[in-house]
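In what comes next, subunit A is part of two complexes: it sits with subunit B in the first one and with subunit C in the second one.
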Partner chain A sequence: MTTSPPATSTQAPPRPTLAVWKFASCDGCQLTLLDCEDELLSLADALDIAVFAEASSAVVAGPYDLSLVEGSVSTPEDAERIQQIRAASRRLVTIGACATAGGVQALRDFADVDDFLAAVYATPDYISTLATSTPISAHVRVDFELRGCPIDRGQLLEVISAFLARRRPTISSASVCTECKRRGNVCVLVAHGTPCLGPVTHAGCGALCPSYNRGCYGCFGPMESPNTTSLIRQLRVLRMSDVDIDRVFHTFNAAAPAFRDAGGQP
Partner chain B sequence: MTAAVSAPNGVASCVIPPAGLDVLIRALRARGYRVVGPTVRNRAIVYEELTAAAQLPVGWTDVQDGATYRLERRDDDARFGYAVGPHSWKQFLLPPRLRLLRVRRTPGGGADAGQDGGDGARGGGTEDDGGYAGKNGGYDGSSGGTATAGPGPGRLDFEEEPPPTTRLALIGVRSCELHAIAIQDRILVAGRYPDRDYTARREGLFIVALNCHEPGGTCFCVSMDTGPAVRQGSGYDLVLSEILTGEHRFLVEAGTGRGAEVLAELTGPPAANTGVTTGSTGADDRTAAGGANSRSGDEPAPARPATSADWEAAQTGVERAVSRMGRTLDADNLRDLLAANLEHPRWDDVASRCLTCGNCTMVCPTCFCLTVEDVGDLAGGEAERWRSWESCFSLDHSYLHGGPVRGSSRSRYRQWLTHKFATWHDQFGTSGCVGCGRCITWCPVAIDVTEELTAIRANSVPGEPVS
Partner chain C sequence: MTTFDPPAAPGTPAVPTPRTTTIEPPPLTRVEGEGRLVIQIRDGRVEQARLRIFEPPRFFEALLRGRAFTEPPDITSRICGICPVAYQMSALAAIEQICAVEVAGPLADLRRLVYCGEWIESHALHVFLLHLPDFLGANSALELASTHRRHVERGLALKKAGNELIRVIAGRPIHPINARVGGWYRAPRRAELTALRPALEQAREIAHETALFAATLDYPDDHLDAPFLALRAPGTYAIERGRVAATTGLDIPPGEFGEHVREYQVPWSNALHASLSDGHRPASGDDAGTAGADAGSPDGTSYLCGPLARFALNAAWLAPAASETAAAAGLRAPERNPFRSILVRCVEMVYAADEAIRIIDRYEEPDEPALPVEPRAGTGHGATEAPRGLLYHRYTTDAAGTILDARIVPPTSQNQRAIEEDLRGVVERHLGLPEPDLTALCERTIRNYDPCISCATHFLTLDITRA
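Here is the complex of A and B:
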């Protein structure tokens, strides 16, 4: 039995620590955290932000309760660094298409990276890069993957709220069509003849593009059971060219297996 | 002189010009209804709130086939010259998203005392509340209102979403859609688990039905015995027949007492009206209607009694619709046919085409599956419970203890089709399909239930799976 005074019992319990990490990416998903304007104060109340380069250069040493990881692994150094981050993190959540599927930079997977280096850099010898751009899950265990290019603000808050409440995030992996129909939208594919990847794409954006009469271009990656073969037949009926079909699948989620295989070989 | 005459079957009726639809909408709005009907939005005819008849899809029609829907101009000014569109009335009776409950936590007392000492007095107070107030009848899932729960980490206040108070009037409800509403009524009002929100919306509902003269390319209500004529007494308050031959006009019949009251307002100023008869006086009547002289100059042309020519024209419109169904289906004993063909090779064939996107279930006017989700704020102080349309094509729909029961798209398509056409009979006493054709038109890859069922029937292989 201790006789020391209960010095800490009248203080708030320590808040969970949050770290935000960047790999090969554009920073857009991290910035979604700063876009949570109305919720920023609540976020800062609920979490100790230990690492977040987009907000502060101050860095608090780990371990961390929640790590949000943006970006893909594209260099030997990154392949090392993600191991350290995983070891220092209680929960690791990837945010966005790069971290979850390799990002647009995974187009290198379909070509020779040395050709790119020779074309872009005067002295390619200085560049140390991998031949592929791979998702975080190819390297370490990931507790949850949040889709999108960029991620959806509401979904990010849901994942953080779920983490704080120790429950599973409520994130549907069904098609964009379910969100589109719930919004009462008129289907752009059926009523306008506009090619749309909504039927094979993971929900989460709230059917943003179809709500503005644009076809979905798949930035949330494949839905839970994507039948790209069947949709591609219909895209051809709508006179989408094979080149355009390859391109629309080989963009932000080019290396997600269902979309990788849907696009043709370059 | 009366402005309305008896229909052949003795119900109140009259004939109004197209401008009379404005009188109808005004009369309904004056009675406190939010009027919802067809209008053109985004190159489709959808159901939205109407404040004037000019919002109706005047002169538009739709051309429909599997995975295609296009609006086209008609060569007349028909108001209802289209088939059903992407929306169904379930948009309004069973909303796509609905908040069910709000929960607020007030910190204080118990575990949080040290953290929030200032609220200690309030927190202490909850200790005396006697535990979960739900026991006291506050939150029992049907009574509405609020309840509190405590003690523990503060006080929890539950606020159930009150049932809607705005009454809806639907304009242009076709026979297939009346059947769909009746099917949802059986499940959500008269079923084992009545839905409070649906029941409230349904009870206040005023239905202006429409005899369908313009079936679409994917329609098959004749096969399902659900149209195109609105059946007398099928739950409507008024029913319209749009007559385009000769003078453009609408034959209006009342189906209920309150329908007859609104109809009376169409035939003359409410104060002066004596027009509606519900008796069986013989009615010929090419004579001009009364009531016209009492109208002010800016009023639309008056209503007049229906003539035998009007009834004949309305009947001809329905008969022409019967012969113009875009699809047909042999619906004879589909229940046993499907039950005997659960391993038919066609399931694999359709699974190779099915996107499992869920569009068919979302546009189906009878599909009623919902999912319920809780969302909380970052501070853990507020939570909400929402329900949304759900689809049996999602993996979540059959997720049980660690995995989905229907993992393959074959099993999901089979579940949908066999439920809709077969096991629905066992569960609810009717087919779940009304032949509206929406699932065919709005399937992005043109999967056609009439084709799938025909293929299964053509090669029925009861018992043994076919390799």
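Here is the complex of A and C:
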């Protein structure tokens, strides 16, 4: 109806077109693009930014060469909308934990959504929502998934650069531990006895939390082959309670299968 | 070629009568949130001016139940990628009140310092990327870069200075990881902070220069009548602590916020509205333990929080550099034209950069990064000044520190009613304008408030129905 781009399609543009879409999310992953202060203007030279509602009032009709999708699907309308976006996109990349794993709002998957509604709204009937918050890949084909809550700025630039160069992005699927070692950090888990999800968490943040004397809390979601069973055994040795173990797995990537199963049912 | 036609928003559509025409101009953009504007005009009168927010609800207050008292800073920061520090700071204030822990000295200074970073990055985002294009007739800052490249480049440098401050103290600008109940995981070294000084000096200069430039812009006439509400801490421009004050004479501790501000639900919005009353809530409005917000209509008045409100209530406590910028830009408190809020944001960026430098200069590394904290049963209240206005959190925990109840009142929720009233006034005064011009003016009216709707973004589409 009213949120549509102009009906007329333009001539094929000389530069690849970029579209940025938002579903249920905090806006932080698309903000990461605007946080590329040093690169933003050259990015805008290399790409034709066709749809980016936060940054521009200009809206160009599809199709789009590259769509970046932020957020999870949590309403019936959004389940429809992602189909249309997929159909209009040559490449579709999801950005962040909401789009790749359902996000923190996927905690509703473990509860009764009606209880959630009643806790926040006096008249739940006014609110349109689904009982689940699902990743984009549960609805359409996804060409690449960028992890993180939020995504890493360097990784975002790598994905866009790779797209412009028509190559596969060079994004490690190893664990945070590899980044910690490279950074020369002392292991907070072994040396300090601090519970840490680094061994099972996807790299990308640069081992941020351990660098601040804090255990990783898994905001990039599970790495490629996470041995959560072994880590949970170690967390228990550190006297972490089962309820705390459940909580740490069931936060920002609660619906990612490896973390969902590791956390048990709260 | 495929064209993409996003579907209509859920919710209550404007109800057209047979004689009604509905006009659907292009989407309104450069706002942080998913919503639309619905305006109904009949016989030359504005019947309805509504900001309909259809941002999908994410139920933070519900999912916080059963979590540990240590978790709200990390969890609630995910409400907003633009002002995560504000969520962390309000959550910490509330929880530390429950735990009877008072963070002071350098640990408290670091909180004000990281908050200065957020004010700079968030205001710079709004001033340069969202708001300024309106005044210069551009669709975006990227487009603006072709005509006003220096301003855009310097705006990005200013924004980066704010982000860098957050990154150094707290790990990353979006969902920073260093804040914890009782203090920090790691206190920065003095040298790390002093290295930021040159960028902050430049930021202060850019913000001042931007205020002078913005003072030369054309401002539509507008006058907001609603009372202003902000934190107040006499002696300083309140950011991370203070009492809740309003131009009505209200002056209360954050713990009494819920007795004076009532949240209620309206059918056209997924965000709750709020109203300010004289302090005696009706019995049905008591949501202290379990219930969600009230249904039904407001019994108090609309009010506004954010830069205009802070400037109205606290301008006397701006430090000299910011006061000079305000004077040079022709600003006097109270400023009641929302279009001129861009000037106030510039003044606040001067203040934040200047204040950050003062804090860095007196910073001494603390012995320990955090105070010990034990869980306790109780209810705590936290209020801080997010870039867009007062952000209130309330938590109730049991003796083990498990959260039994959470309530979060963000600034945009509080401002919705005042925004709608302003919008109605703007439309009434400009009914004679051609449709595209009226549409553009309505979009600008919304943008003046920097609404952060999920604390997030998408389309805000305008519907004007004329009967």
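Following the convention adopted for this analysis, the second predicted complex is superposed on the first by the 253 of 266 C-alpha atoms of A that agree within 3 Å, B and C clash if a C-alpha of one lies under 4 Å from a C-alpha of the other, contacts with A are read in each partner's own complex, and residues count from 1 in each chain.
Definition applied: a contact is a pair of C-beta atoms (placed from the backbone, for glycine too) under 8 Å apart; a residue touches a chain by one contact, two chains touch by 3 or more.
Not measured: the values here are computed from a predicted model.
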So, on subunit A, is it clash or fit between subunit B and subunit C?
-> fit
First (subunit B), second (subunit C), both or neither: which does A:Asn213 touch?
-> both
Is A:Gly28 in contact with subunit B, with subunit C, with both, or with neither (first, second, both, neither)?
-> second
May I ask you to decide whether A:Pro63 touches subunit B, subunit C, both, or neither, giving the answer as first, second, both or neither?
-> second
Which partner, subunit B or subunit C, touches more subunit A residues = C
Taking the superposition as given, tell me the minimum C-alpha spacing from subunit B to subunit C, whole angstrom.
-> 11
Determine where on subunit A the residues touched by subunit B overlap those touched by subunit C, and list them.
-> 9, 213
Residues of subunit B defined as touching subunit A within the complex | 41-44, 46, 67-70, 86-87, 91, 96-97, 114-115, 352-359, 362-363, 373-380, 388-389, 391, 393-396, 409, 441-442, 444-446
Provide the residue numbers of subunit A that touch subunit B in the complex, in ascending order.
-> 9-12, 39, 42-43, 45-46, 157-158, 160-161, 164-165, 170, 172-175, 177-178, 181-187, 189-193, 196, 198-200, 213, 223-227, 229-231, 233-234, 237
Which subunit C residues qualify as touching subunit A in the complex?
-> 1-12, 24, 26-32, 34, 36, 54-63, 65-68, 71, 74-75, 78-82, 84, 125, 129-130, 133, 139-143, 145, 152-153, 156-157, 159-160, 163, 171-175, 177-178, 180, 185-186, 264-265, 267, 270, 272, 290-296, 369, 443, 454-459, 461-463
Which positions of subunit A touch subunit C when the two form their complex?
-> 1-7, 9, 22-32, 34-35, 37-38, 40-41, 44, 49, 52-59, 61-64, 74-78, 80-81, 84-85, 87-88, 103-105, 107-108, 111, 115-123, 126-129, 133, 149-150, 205, 208-209, 211-214, 217, 219, 244, 247, 251-252, 266
